[in-house]
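For reference, the structure is listed below as structure tokens.
In this document, chain identifiers A, B and C correspond to the written order of the chains, with residue numbering beginning at 1 in each.
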Amino acid sequence: MRSQLSKRFEAEISKMPVIDPHTHLQHRTPSAEFIGNIFGYHYIKMELSTAGMDVEKLMDESLPPDTFLKNALPFIPKIRNTTTWWGFMTICRALGFGDSTIHEANWQDLCKVASNTMQAENWYREALDNINIKRSFLTNPPDEDLDGCDREAFVPSLRTDEWVLQIHEESTRQRLEKLTRSSINSMKGLKASIHEVAERFVGLGAASMAISLPPDFQAFVVAKADAEALYGKVLQGKRLSDNQLARLQTHMLYSLFEVCDELHLPFQLMLGVERGIHLKLGWDGFSTDLGMMKTFRDALNRFPDVKFVFSILNTILTHELAIYAKTFANCYAAGHWWYTFYPCIIKQMILERLQAVPYTKLIGWYSDSYYVEWTIAKIKLYIRTLAGALAEIVEDGYMDENLALEVALALLWDNNVEIFALNL
Amino acid sequence: MRSQLSKRFEAEISKMPVIDPHTHLQHRTPSAEFIGNIFGYHYIKMELSTAGMDVEKLMDESLPPDTFLKNALPFIPKIRNTTTWWGFMTICRALGFGDSTIHEANWQDLCKVASNTMQAENWYREALDNINIKRSFLTNPPDEDLDGCDREAFVPSLRTDEWVLQIHEESTRQRLEKLTRSSINSMKGLKASIHEVAERFVGLGAASMAISLPPDFQAFVVAKADAEALYGKVLQGKRLSDNQLARLQTHMLYSLFEVCDELHLPFQLMLGVERGIHLKLGWDGFSTDLGMMKTFRDALNRFPDVKFVFSILNTILTHELAIYAKTFANCYAAGHWWYTFYPCIIKQMILERLQAVPYTKLIGWYSDSYYVEWTIAKIKLYIRTLAGALAEIVEDGYMDENLALEVALALLWDNNVEIFALNL
Amino acid sequence: MRSQLSKRFEAEISKMPVIDPHTHLQHRTPSAEFIGNIFGYHYIKMELSTAGMDVEKLMDESLPPDTFLKNALPFIPKIRNTTTWWGFMTICRALGFGDSTIHEANWQDLCKVASNTMQAENWYREALDNINIKRSFLTNPPDEDLDGCDREAFVPSLRTDEWVLQIHEESTRQRLEKLTRSSINSMKGLKASIHEVAERFVGLGAASMAISLPPDFQAFVVAKADAEALYGKVLQGKRLSDNQLARLQTHMLYSLFEVCDELHLPFQLMLGVERGIHLKLGWDGFSTDLGMMKTFRDALNRFPDVKFVFSILNTILTHELAIYAKTFANCYAAGHWWYTFYPCIIKQMILERLQAVPYTKLIGWYSDSYYVEWTIAKIKLYIRTLAGALAEIVEDGYMDENLALEVALALLWDNNVEIFALNL
């Protein structure tokens, strides 16, 4: 049963300022226009699909977004139990829709109410204000145009997956060449271009570098000469063996660590996704390799001044991640990613982190959202869960109420300001 | 503390109709005759054994069943804490025994009361009625005689372990030959016989195929020609290498998937058991291979029309199984098997499934029992745990009470009817 | 919310006698002299370090212990959330310090109060009496001098890591030679010396043998002739390959199992630590190998009369350990080690053990402490958690209150007396 304290904490924490240090918001279109955009979020689509909806046909991208919702009506009852659905209904309420279910008779009302709200001037600022989100990090590919980006709302973050995982692809090099108006003829040249882009991002106010790595990624030192030779093969259009590619990828990752070291950029690492495990629909999944944290031991020891901010996409290694954050001053544990963003998993992770790790080493939450509307659902779910976990800790006598609220503020705000050196 | 809502849910759910989609009941002797039969369940025997009882000597199968109980009296106090023991006492109460402990002075009363109840006409129907179980699946070896099977109580399920795991054994082929009055001279012939048996089972009302696989089983496609050649070696009495046997086994498993596809049979897969880890007493155990779910990715993509109903025998991969059920429309997560059938584990699994997976993709429970009496204990333990989990979800605001009860009914009844296409 | 029953259980269990079957207490200096000694515990140091303190400089061992505390004052606010910090404050209160925080204005008071208390005659006996600890096991290297050891307070335990893990080091052999005044020229001679030392420890009242093994340790049978040949190479000063060393190590471990068998010594095995993962500061960590329990299957089957008492340093395999304790009469599950000693983890482990394993197979707790003061903190945290877990079990109807208290006493006292054959 939720205690009174838990409810009181939820109310108190809901008033706190929040930074959202990982999103996929587009700075030019941070909010949706139609409820169908929100409803078409892959978190929901996957649930409709597994519940039997032919999402390829019925959610065809060429249809008007709100048609998605209409076509999905027969399948909605089957997904009402999930907390993702709770999130969607929470968004509907925030947009001004009063009903507690969606069906043939009211879906058009929802579409209307939602569009009216979302298409109002400055809605995204209002939406973020309502939930006290003062800054949201973006996920910017190296060539993203940040002109006109609302700096009162957004903080750039340089996403670097391509440079590491697709280092062997011609297109990776070409994009970098275009971006730096240079010709890349060696590993040295490649690194120089990357450095230039990273510096440019720092100049644009980027607060972090970010990458998502698969569960079996191996991080280890590869000698420069080895990497230079391997990249030479790439430049000649030769295929690398799996082992050679792995060496080249980890070498590049280490060189990004060096860039972060030099530019004082924290590095957000998201571990565990496996892309496209559903062949027909392209859904991503995850799997676990028991060495996926351990493989970063060398880097944590080698780059004491780089802040490594880890998220992990399984329930198996969350304890090990917490203990890494407790062991290494430059290791931070962040949030509850994707398939772990469910209250029962979040709560266990909060408890194990707050009981074991100094709270300044923890980033409580990020939304990972594509539209500000989903941010609403996700912060509310998180705050409710955090309140419950903190109440349990206080009721068990391990913290007092004041400290619990201080910790909550740190998880949502202070630690982000400190770790990412935000200039607010 | 159990909330009032949790207790109310327990009472409500206890009135719902239930289907038990996996048991080892014998259709001719579905109930025990003596309390000793019930007491001799391996769940209890293992606990007595680990607590110091010489089960080989004191539970000798040649002794009258009730002597088991007498000999075990000194060891009973040591196992009183387990929920298996709670289950046994729950059965005793259901059989009419009033005491809350068992000792020298009352064990004979228990034997008498229990025998009287169980040996009454149609007791098994009454026992199942009392807990609202309308159908129980059987586990039928290919050559089981289903004549006279009570179709109002039981649903056949074709167990296929032998065809896959013992495909290299002469006896496997011989039994199939006898059963199909044929001579098997090739992989093609083997498959034809298997197909014939499967069809016969469908004709007898079988609602599923079932198999139990070890944690390190590798499922992958093997070319027909390769499999035919390997089976040729088997037919010549030659020994296969481990790798060859693995190829033959997975080929056979894939051919069972094809049979299921053709005959519209759901496939119940139970993953993780390791047989006979206790050498002297033969107790089974389990272990975990992190690839044990992932290995079925290919099959899930390849057979979209086969319903794969997975159970898993560890706590490590329950989250991954839940996410598979969320990702693949043809993947279902079922119940809480054996060493995971404890309230604290069941509750966590229920929460993580109900928060992440559309509830139509979940089978809540099965008893795995050998006598209907154990079914009583197991459904009661499950319902209590389910009620607690649902109450927590409602109290946290993620479902309302009506939906929670709808979900409960689906987990126990509707989903079984739908997934196994039961004709009730 | 903590229930009334949980609080009542906490009060009741706090009155029970306790045995602490694993500590690193020094029998001549079992208590600290200065609060700085207690504060300098590596559990706290690591937290200060990860929170940003330069522990090398600011906690330099050459400084007076209480200077540690003074230097750490700015970092204390950052670690207030952990249950380790709760433990430290619990110790401060037990030493007579009344404030609830530590800061510039009161740290010297704390130093004074603490020293006064701890430097009083027989303080360690009083400290242990206050928490009803009747015996604490020591961790004795083979050559430890136990003269004058307080047998009313301490029980020796022979630590054997060196003999197994460093079997290839000359110093291991030399220490044994010195200790047994012999010359070791063969594996046979090595074993004879070890046997002699073990017998001597039994004569001194040792109640167990103990060892800590890394997560990837492989236990398997190696033929005597093979081991003898490998040890021959060691004696000649030749380097063994990794595989050869692994064979020699497991052979030695098996020969320790034989010694335990012969001398009726229980064997405490602590699995999972990885030494020195933080290169600069030397912090230990852990990792998980999914075979780390399974590798002991052969030994559990082979030595039915040796009591194997396992602890495990991860959250991944605690369920598997519980099921081993349920399967093998000679397998026991013990306590909550180091990085698993947090309430949310302990509670889950208690529930899964008490629901699945006969309680006589469980050792509830040990402190692992270096000074009796930390024992105070650790037993209090454990009892509070145990009380909560037992209350939940009783409230869910799986035990009654009397049984719950009986179980608590067994976990803290009876089982230790029985398993380690203590003569009290």
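Note that a contact is a pair of C-beta atoms (placed from the backbone, for glycine too) under 8 Å apart; a residue touches a chain by one contact, two chains touch by 3 or more.
Keep in mind it's a predicted model, so treat the numbers as computed, not measured.
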| item | value |
| --- | --- |
| Same-residue or different-residue interface between subunit B and subunit C, half as cut-off | different |
| Rotational angle, Cα trace of subunit A fitted to subunit C, multiple of 5° | 120 |
| Rounded Å distance, subunit B centre to subunit C centre (Cα mean) | 39 |
| Sites on subunit A at which at least two other chains make contact | 1, 290, 316 |
| For the subunit A and subunit B complex, residues of the former touching the latter | 1-2, 46-47, 49-52, 78-84, 86, 277-280, 283, 285-290, 314-316, 339-340, 342-345, 384, 388 |
| Residue numbers on subunit C that touch subunit B, as the complex places them | 1, 3, 5, 290-291, 293-294, 297, 301, 304, 316, 319-320, 323-329, 331, 348, 351-352, 354-361, 391-392, 395-400, 403, 407 |
